[in-house]
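Each of the next two complexes has chain A plus one other chain: chain B in the first, chain C in the second.
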Partner chain A sequence: MSTLSLIGQILFAGLAIGGVYTLVALGIVLIYRATNVVNFAQGDFTMLGAYVLFALSNGEKINFFVAFLLALVVMAVLGLLFELGVYYPLRNRSFLPVVIATIGASIMFQNGALAIFGPMPQKVRPVIYASGNGGITLGGVFFDYQYIVILVVTLALVLLQYLFFEYTVLGKKMQATSQDKDMARMLGIPVSIMIALTYIYSTVIGGLSGMLVAPIFFVTHKMGVMLGLKAFAATICGGFGDVRGAILGGLALGVIESFGAAFISTVYKDAFSLLLLLLFLLIRPQGIFGEKVAEKA
Partner chain B sequence: MLKLDNVHAAYDSVVVLRGVSLQVNQGEIVCLLGANGAGKTTTLRLISGLIHPLQGKVCLEDKPIHHLSPEAIARLGVAHVPEGRRIFPGLTVRENLILGASNRRRVNKVELTSDIKKMFEIFPDLEKLQNALGWTLSGGQQQMLAIARSLMAHPKILLMDEPSLGLGPIVVQQVFSVIKQINETMGTTVLVVEQNAVIALSVASRGYVIENGRIVLEGKASDLLNNTEVREAYLGGRRTCI
Partner chain C sequence: MNKRLALLVAAVMVLTLFITGCGKTSKSSGDKATAPIKIGHIVHMTGSAVEAGGEEKNGAILAVEEINAAGGINGRKLILVQEDGQSSNVGVVQAFHKLLEDKDIAVIIGPSPSTQIAAMLPTINDAKIPVATGGTNYGLTHSGCQWLFRFRPHDGMSAQAMASFMVNDLKQKKVAIVHSTDAFGNGGRDLAVAALKKLGVTPVLDLGYNNDEKDFTAVINALKKSGATGMITYMTFSPDVGILAKQIKQQGLKINWIGSASVTATPARQLAGEALYGTYAVADYHPDANDKAKKFADAYKAKFGKDPDFYSSWTYDAVYVFAEAMKKAPDLKPESIRQALLNIRGFQGAEGIYNFDQNGDGLDQYNVVQNVNDVIKLVKTIKAQR
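Take a look at the complex of A and B:
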């Protein structure tokens, strides 16, 4: 393997895993922007998505793609329940009770999954089931189909989301809601619906990212913990509350981790993102694009 | 059109309005005068449904509305230009205007575009700024945008909270001549809260004076302008401003 193709390989893997961080981070940022709530359960949505897909597709009683779509619908319902259970009753309080409620929900999700699915790690099939080695080799770089799917989905979602917020009135209403709720209400914008939609969308992309990484990692009740942590690191490095920051931060984190694992140490792979997070908090706490975290909190 | 009947309201346990009664008739401009902390903003927030009364009634066209949400009240045709203008800072002038029509059902593109064009006729400055983000606007431009945004709602009644605040005398004149123009050409009923009594009474037909959450004086604009208490309190002399 030439150095160039090795670098290409590492970059590709890094971007793909970074795509997953991006999706989780986007969920965090959208909820934060809409409601000022830092959602500590966002990582667990990946775990829930993966388990729901596992439960629906296990035994192949229904077509995998139907199961995939159904799992997204289940996540949407969960998102609405999460909003109604965790955010809505506490919406007129300060942000702290809600944040604590999200931590409670996170614990509940993990223990619930443990109770239902047990401690055994589970496997979910990749989206593209091809014979052979499950990918293609181009210019000495092996492109795993699942990694390609993750990247394509991430890019498509980022693009769709951009178009939605820039070019639709509903997108503008959601932005208005996140900028000034009382004013939005006085204009007749149904703010509770906008917020519910935000929670639903964030839960769905969280679940989706879990469904996409499930074939790469094992599905366990703890799988969302590390993903959530990485996504937080990505949002802080990118600029907390900034959508561009979540995208750039997520992808950058994936790549840095991937190179770190290849050239420095695989064992300390997870430490790189935390190191990067510490560096950012010390040197540029407002992240690449954003405002200062301390001021926001 | 709009009637407040013995309204009491509080923030948490602090009672701020203690029996406010006032009435705004169809097609009128009515002003509500009062010093800092008198309860003017609270009165408007209460009409808009952001807070609910402890006691008393708010009626719009004889139907009680004080139990409704701000969204529902907006849909009934109450538009509010709030204290501080509250332009969406991250949206453009045009987008702010588009959202002004959120309370209307089924607004098609053509109608929306023609409404925005009408606003640019009333406020020519906004046309050049239509793609500028809200936060980049000056205070006067923001006030114009806030008024234009509220008109996009096709309101039956317009509530305005201290439109003169923080603006230079020329811009204040412009704002009030626009209020007069809107009232005359569109027939929009206006309830305007002010501390600048002279300018407010010059466009209003009637006025109320609020003190410590109570209406202490009411009358025709011309009578209030000549009233000694009003003169003392709002036309120089005793007036203290923060």
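Take a look at the complex of A and C:
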């Protein structure tokens, strides 16, 4: 195996896992922008999405892609319930009670999943169903179809999201809400609905990331914990509250981890992301694209 | 309510408590010759280990039912008293204390995770009551505790079995060790290195990874670079095994693989499918290993509708061995039971033949099994040094 293909394999693995971090990070950023709430249950949305897909597609009673779309709808409903149950009653309090409520929701989601689905890890079929390895080897580098799907979906979502926020009235209303709720309200924008929509959207992309990683990670009630943590690290490195930051931060984190594990130490793989986080907090706490905290206040 | 009435009510309540309390004690001390014998069992009913806990519970229940159907212990029936260990170190110690409160409990079956037994050790030493465990960490029974009895072969034996099979049977000399970085994985690595050294082999690679790893590309690259033709694994979680197996196949690595029990665990096989075909593992329990194991498998399947695994087999054996000791012991004092346990020789259990040594280790053999198209076949049984 040549060094080039070796590096290619590591790079691809890093980008792919980084794509997953990005999807989770996007959800965190959107909710933070809209409501100033750090949602600690975002990682668990991935777990919930994966379990919903598992429950719907298990036994192949309905077509997988129909089940996939249905799961997204279920996630949208869950997102609305989450907003109504966790954010809405506490919306006029400071951010702390809401953050703690999201932690509570996270614990509830994990134990609820454990109670319903049990501790046995579950398997979900990949989006592209191929016999054999489920991927293709090109130039000594193995490309897992599912990872390719994740990267494509991440890119497509980022693009769609950009177009949505920049070029549609609804997107602009949501942006306005996230920038200044009172001003938006005075301009006649239904702020509550905008916030509910943000939660729904964040839950759906969180769930989507879970459905996409389920065939690779396998579905367990704890699968969102590590993802949530890494996504937080990614958002902080990228600049909290910045969509570009979430994308760059997520991908960078995945690649740095992957190369660190390959060339420095597999044991300290998880430490690399935390080290990066620490460096950013020390040297550039606002992240790559972040605004200064003073401006936000 | 006026003060005097309140006082009266309080007095009556205290009295009732006192009287019922007294009633209970006099009853249990009354008919000792026919009263049931209680076996305490710490079972994980909540938390992450509930699945293993359920298997352990089933194994113990089956053994108790069989023994009671056959007449119990000198005419006395066995009953299980279960406490939730909550899948945590704190939980098992609390459950253990709770069981110790019940003075009628003669022996206690503890949990499997080695760290939890380690957390219980000081209390076990103080309590002076025989405790069974399925924890395989070598140090547990070599720390001077006289009351801990192990119903599975320890990790030193699995390391010997894996090293011997890799070098003598598979004839591989370029061996890599891949292990998780927790107590189980690191401990296993040390024992495997030692066992290989005895066979004149120095591992070409020794690589740790963190539990819940999702991408093993780095590990696989290191394996490729090392030129290893054989791999010994100590991996704690079977989903990790599933991911590693899939990625090894995807990234085109051919290697002879023998690992600890997680390699043949049901979750790993379900998740990895054919990526695990042809791999070997050590297993303390296999239904074809002996007649008792076969009988146990049949009875278990009839009662619970599924195949047993090593979690259920060791608690099944623990109840049987405890029962045997209690039959032989002159009385049910902890010290008498302990001596009777130490005197047990050649007792055939589902896991193997029990001969307890002074450390409390009952077994000294390991089965090597192979995944043949998702069927776990017994390859051979390797006797290990204690």
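Quick note on the criterion: the second predicted complex is superposed on the first by the 290 of 297 C-alpha atoms of A that agree within 3 Å, B and C clash if a C-alpha of one lies under 4 Å from a C-alpha of the other, contacts with A are read in each partner's own complex, and residues count from 1 in each chain.
The rule is short, and it goes like this: a contact is a pair of C-beta atoms (placed from the backbone, for glycine too) under 8 Å apart; a residue touches a chain by one contact, two chains touch by 3 or more.
Source: prediction; values computed, not measured.
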Practice task
For A:80, select first, second, both or neither according to whether it touches chain B, chain C, the two together, or no partner.
Solution key: neither
Handout entry: Touching partner for A:191 - first (chain B), second (chain C), both, neither
Key = first
Practice task
Would you sort A:266 into first (chain B), second (chain C), both or neither based on which partner it touches?
Solution key: second
Exercise for the section: Applying the touch criterion given at the start, work out whether A:182 contacts chain B, chain C, both or neither, answering first, second, both or neither. Expected result: first
Practice task
Look at A:172 in the shared chain and tell me whether it touches chain B only, chain C only, both, or neither; answer first, second, both or neither.
Solution key: first
Handout entry: Of chain C and chain B, partner touching more chain A residues
Key = C
Exercise for the section: Based on the superposed arrangement, let me know which partner A:134 touches: chain B (first), chain C (second), both, or neither? Expected result: second
Handout entry: Shared chain A contacts, counted only where both chain B and chain C touch the same residue
Key = none
Practice task
Name, in rising order, each residue of chain A that touches chain B in their complex.
Solution key: 169, 172-173, 175-176, 179-180, 182-191
Completion exercise
The answer for chain A against chain C in the complex is residues 1, 6, 9-10, 13, 17, 114, 118-121, 123, 133-135, 137, 142, 144, 216-218, 220, 222, 226, 258, 261-262, 266-267, 269-270
Practice task
Show which residues of chain C lie in contact with chain A when the two form their complex.
Solution key: 48-51, 181, 207-210, 212-215, 217-219, 221-222, 224, 238-239, 242-243, 249-252, 266-267, 270-271
Exercise for the section: Spell out the part of chain B that touches chain A in their complex, as residue ranges. Expected result: 48, 50, 69-71, 74-75, 79-80, 82, 86, 88-91, 95, 98-100, 102-104, 149, 153
